[in-house]
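You will see chain A twice below: alongside chain B first, and alongside chain C after that.
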Partner chain A sequence: MSSSPPAVKETFAAKPPSVARAVLRSPEGLTGVILGAILLVIIVFGPMFAPYPPDQIGAGLPLQLPSSEHLMGTDQLGRDVFSRWLNGGRSVILAPLASVAIALVLGGFFGLLAAYKGGAIDEVVTRIFDVFIILPPLVLVLVLIAGFGSTTPVLIITVALVFAPRMGRVIRGAAQGVVTSDYVASAQARGERTGAILFREILPNIAAPTIADTALRITYAIIFIATLNFLGLGLQPPASDWGLMVAEYRGFIAVQPWATIWPAVGIAALSVSFNLVADSISGHITKTGSHKS
Partner chain B sequence: MTTDAQRDAPGAAEETPQPRGRVRYPRTWQVTKIVTTSMLTLFVISLLAFFATNLKSPEDVARAALGRETAEPALVAYAEERGLYDPFPIRYAVWLGDFVTGDMGTSLTTQRPVADDVLPRLRNTLILAIASLVIALPVSIGLGVFMARRAGSRTDMSLLVGTVILASLPEFIIGVALILVFGVWLGWLPVDSTGLQFGNAMAKVGAFILPVMTLVLAMLPHISRISRASATEALGAPYVAAAQLRGLGSMRVTWDHAMRNAAPPLVNAVALNVVYLLGGVIVVEQLFALPGIGQLYIASIGAGDYPAVLSITMILGIMFIGVSVVADILVTVFNPRLRAG
Partner chain C sequence: MSGQSDPLVVKDLTVAYRRRGGVDNVVVAGVDMALRRGEIMGLAGESGCGKSTTALAAIGYRAPGVRILTGTSALDGTDLLGLSARQLRGFWGNRLSYVAQNATTALNPAIRIGEQIAQPLRLHLGLKGDTLRARQVELLGQVHIPAPESALRRYPHQFSGGQQQRIAIAIAIACGPEVLILDEPTTGLDVTTQSRISALLRELVTKTGVATLYVSHDLALLSTVADRLAVMYAGEIVEQGPVEHFLAGPSHPYTRALLDSVPSARERRAVSGIPGRPPLRVVLDACAFAPRCDLVVEACTQSSIELVAQADGSAVRCLRANERSQRSVRTLEQVSTTEGGALLDVRAISARYPGATAQVLSDVTFTVASGETLGVVGESGSGKSTLLRCIAGLHPPISGEVAFDGQMLAAKAVRRPREIRGRMQIVFQNPDTSLNPRQSVAQLVGRPLRLFRDDVSRGDEERVVLELLDQVQLPGDILHRYPSELSGGQKQRVNLARAFAAKPRVLLCDEVTSALDVSVQATVIEVIAAIAAETGTSVVFVSHDLAVVRTIAHRAVVMKDGRIVEQGPTEQLFRSPEQPYTQELLAAIPDFHRGTRAS
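Showing the complex of A and B:
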């Protein structure tokens, strides 16, 4: 769980200072950053402050409305909703981050390679990207889950397979504007290896569009994986994932609405915060025109 | 899930490659290409789906059908009778032949023909999808144009932020919010779709209102942002200024002059949204317990009912591909550069 905050911090550190400043200066970006920071604190440290074990059945009477004893009330088994809520955010953020990270590595590698090598390699990679992009994402993921079972690793990998060609195409597009530049030519003249050129010359120069796209993909992945958990195809009860909690407590919405409301608010706030940041980054990029894709 | 829609539009990143050299009938060529591509896509979907639903060994499939306690010879006999030991390509061909002729196989859960379960539900799914679309399209295009006409104003900016926020919400969260407001607090509408099976005509219509509203709200931010972008561009064009100088009314200028030219990219973007909308149908049906094919799909995946999963995947695939083919052809027809010459 300690891997989530560094991943986010890295996102901010890696982009040129002007982008970070632009995000913090736009009201939209600032709201996103503050909201995201609050949620990350809750997700990382929240479990330590849970008043009850999240799976403790009969921590109170079943389906109680919020009280001083149970801040968010109790569920149909008398479990403390607040304790479950504090524990339920980890999977909502970690699985999408893992998915996007895999997709970034896969898509980034093939996208950079295609842009740099051109010719037949470019042709083949682009065709494969196109085939995967045409397939309807939800159906692709669902049919793979049907075949390989509904477990979190399957979920993470199938969602990564949906995103990899899309991220790869963005990265290839951005890299194409850079491969013909002088610094790449001089690196080639120095006799640098392909890997070094890809990652030391090209990658840093397409950082801005890549980061903008990655931030947006994280939003999509949060939505996607929360939806799959809601559909009952990811984590299984008694896990306390926000998406799963919404599905589980939806039937009691007329009696104890707060058990459904709080996890729903958690997911909404998380994806809104990432989307606000992503939107302000891409707004900044369009305004400064710092890339061509 | 409508989120990827704008970004992944096939034509968004690069121009569709034009035929090399002179082609006598560019439009016919283009339409042939669109149809061929879509058939290939459908083929890929069917291969993937068939592969994913045939990972189990023949004995496991037989055991799932006949029960855990069945003796080995019975399992083998069952598998042989169904041709489960045949090589993959042959089984695929046999299945494809059956599917094309309307035989979707037998459900492992209900032991009934899959078609009997799927076809009645398809009607509910189509009502849901079409009703959402008929409402969402005019509303979101209208909103987009409304924003474009006052681009940069405070109203426009707050609506833009509003669409970003709405676009970040998964369909099931939007649906839960609507259930809370209209079902639980106001008590105006039912919280699920039981009225569809047991209620009268009014209850049947009522059962569709919240699911349709959910899908409309899920599509609204995407389509209105796209139409705002195309409208802003079209409104800035010289011929719009010319039309205004000729003293034409602002409504006439906006809709007759500007939006007519903004239509082709919009059609493309809208088609993609329709494709994603069909994905959202699965989520909404599940949330409202609405008996459509999406709900059956999720239940079949959970139960490991492979014949049903395979058939529904193909039906959804055909719906997706059908919509994009229609849109692609519409764009081609609108595009004056592809006139036969």
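Showing the complex of A and C:
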């Protein structure tokens, strides 16, 4: 029993910390941010420190194991793997980010609209989503690349088309739970425009599943684009790209494994860091956000 | 007052929630309670007072994070709190039963009723074959489920809410328990259903002699169903005794304040809320109610107050028990309806849900005068909420019209002129879902100012929002808080502030108090009545609670199955209802002041 008379105070929950602070406070968020920051520094500034031009043939003897001269060894053409590795991250991160951003805007717009309008519009939009989803992604990409050529913009747009309906479905599902809320009805009674309702009332309340899904899609996109590059459908040699490098060097894995391992580690680390940050953001939003009744 | 022969004796029960950081949050302290054979003990209190925690701890149930610090709970001499989970399973559902608040979620939707009743019978009594079947049928018969034989094969969703609760009670009494615990068993059910379940309970207790603990926030209901009552506040029993003691006039200031906030359907009187908020944990070394009490003296805050037995068999935890404060309960004068044209004119509205053929509303016609408060009452499914949504332009009717100030309105809110949308504001039932959780109070209340109030410049918005918050009795420091940081009553007052921000001439209220505790409900009613009277705003007040309607409305409309059954001035309607349905509704309402006993 305490001796001082306890004061009866109105107790309010403390104001929730900002998203950024919450991410940095959670162990997985912090790990993700640190890992991501290291990779970002490598991807952005790495090329400046490349000891050799990435496609300089004969910078060393072919297929050398790592040495002080060539930190990651050399490839079958004697190119410096470390220099190629430093250059190879940019396309790995940019193409997936661009694809997912386009997919988010497209899928998000139609998903929200379908959930909010319901009825015939919902029916049409979801059927179109379904048609895109039943096409195997690789087949869709093959057809589009065969038709429009294997350039980076085509690659980005085709991947966006693969992802948009999938993200749209998730957003539609999340929004369906929110559109029936009284605060949406209240906005309708005020006569708010559809745009205002979608972006002020609905979107902020489906942020958690949307962010979590988007981050997961970025991970998929990184792997998917790496796969396309690996299959020779994306960037073409002699471009340096981690996906392409894995494809190119896997034949020599017994002789010079590091040429394959390092790009693979780069791709994996990138995916992991996105996932960790996404997890902590959605964890934070679920904790502080709309509370389930 | 607890004899050794009582089936369940709880002594000095103290319960805490474990918190991170090591310090336990004590939520129930020193509860002594005895359940007697053939008696219903009512445990009353507002949300968060620890009544459910007490009930669960008494049967030995420990929710995750709950720690029982001291006390015993003896079932015929066996201390349940000392038993292992495995040993307790032999008692639960057998000698001790628990009925949860919401039968819809307490019954497994994927399992037939018969099987759910059979489970405890097989497990504890080992019944099978014909004996099992006979007992199943007998139990359903006991709780008055029609055609018990065929009911056994049906699934929970094929029964109404009231029937589901009866089935849950049948499962609870299946093994002939000595102790039955009911946690808000009729909350959320219609009044007529509620009164039938209360009557059923009384019948079962008389017949089987089961010692029953009935937990509820509804003091009026408990006064009609229980033999003895205990009132909890901040984790302690502040007053307990026979129901007659409470009916004669309770002694503790909290119990009295709580009763003042309960609206009555039998007489028209004003309600008054209790200022302040209850503490969220047990207050040691002082009276927990002291900060909100108008009889407080210095001694109240200097040591803990003991529960003292009184002459009439009751016990009270108060230094100034039985002293009456000067706080008088006002009676509402019957405001004469403003004469003049109808402000809101609802003509022959019919509506149905999209895709459904059955009509939710048929031919509903009424008018609301300027400055008038119209109450709309009806049980769930009567179409009263849909009616409000039709008026607000959220649910286009299939036929009929709504006119506002002589001007015909479009069916959808978006198509109505801006001035009209501002002039008509709606507040919804559930404060948890009617505020966007991602917007601060300032944003929420400020939005209608920007949309509808040309007289408020952007720089002035914050000042006006603060004025509005003050009008609904909210402190200005909640301006930058988010809904998740507010209590239910505060959220509902933010909703009201937002509605009044647009300077409406008609306020549409959809069950705005039904999710709130009575003392909070009283405050919300006070706020609506005061602002409406001051600004001359008309109010359409939809509620399932006739007592609330009697308190606030000048005129009332009774609805059933989408039709208006009866309408008229509130007093006349309540004093001499003409339609049988209205009479039935009125008869079903428990009222503390009359103490009608269900038998």
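What we mean here is this: the second predicted complex is superposed on the first by the 240 of 293 C-alpha atoms of A that agree within 3 Å, B and C clash if a C-alpha of one lies under 4 Å from a C-alpha of the other, contacts with A are read in each partner's own complex, and residues count from 1 in each chain.
Here is the rule we go by: a contact is a pair of C-beta atoms (placed from the backbone, for glycine too) under 8 Å apart; a residue touches a chain by one contact, two chains touch by 3 or more.
Predicted model only: the values in this text are computed from it and were never measured.
Q: Once the shared chain is lined up, is A:G191 touching chain B (first), chain C (second), both, or neither of them?
A: In the superposed model, A:G191 contacts chain C only, not chain B.
Q: First (chain B), second (chain C), both or neither: which does A:V143 touch?
A: First partner only, chain B.
Q: So in the superposed three-chain picture, is A:R127 touching just chain B, just chain C, both, or none of them (first/second/both/neither)?
A: neither
Q: In the superposed model, does chain B or chain C contact more residues of chain A?
A: The partner with more contacted residues on chain A is B.
Q: Is A:A264 touching anything from chain B or chain C once the two structures are fitted on A? First, second, both or neither.
A: A:A264: touches chain B, not chain C.
Q: In the superposed arrangement, does A:R25 touch chain B (first), chain C (second), both or neither?
A: Neither partner.
Q: Looking at A:L276 after the superposition, I want to know if it touches chain B, chain C, both of them or none. Which is it: first, second, both, neither?
A: It touches chain B, and chain C stays clear.
Q: Per the contact definition in the header, classify A:E201: touching chain B only (first), chain C only (second), both, or neither.
A: A:E201 contacts chain C only, not chain B.
Q: Jot down the residues of chain A that show up as touching in both complexes, chain B in one and chain C in the other.
A: 293
Q: Taking the touch rule as given, give the residues of chain A at its contact with chain B in the complex, in rising order.
A: 28, 130-131, 133-140, 142-148, 150, 166, 169-170, 173, 216, 219-220, 223-224, 226-227, 230-233, 243, 246-247, 250, 253-254, 257, 260-261, 264, 267-268, 271-272, 274-276, 279, 293
Q: Give every residue of chain B touching chain A within the complex, in rising order.
A: So the residues of chain B in touch with chain A come to 1, 3-4, 7-8, 10, 13-14, 37, 41, 44-45, 48-49, 51-53, 55, 161, 164-165, 167-173, 176-177, 179-180, 183-184, 191, 275-276, 278-279, 282-283, 286-287, 297-298, 300-302, 304, 306, 309, 313, 316-317, 320.
Q: Which positions of chain C touch chain A when the two form their complex?
A: Those residues of chain C that touch chain A are 276-277, 279-280, 283-286, 288, 290-291, 301-302, 354, 389, 392-394, 413-414, 416, 418, 421, 424-426, 428-430, 432-439, 447-448, 451-452, 480-482, 484-485, 498, 502.
Q: Can you list the residues on chain A that touch chain C in the complex?
A: 1-3, 5-6, 8, 10-13, 15-16, 119, 181-183, 185-186, 188-193, 200-201, 204-205, 207, 288-291, 293
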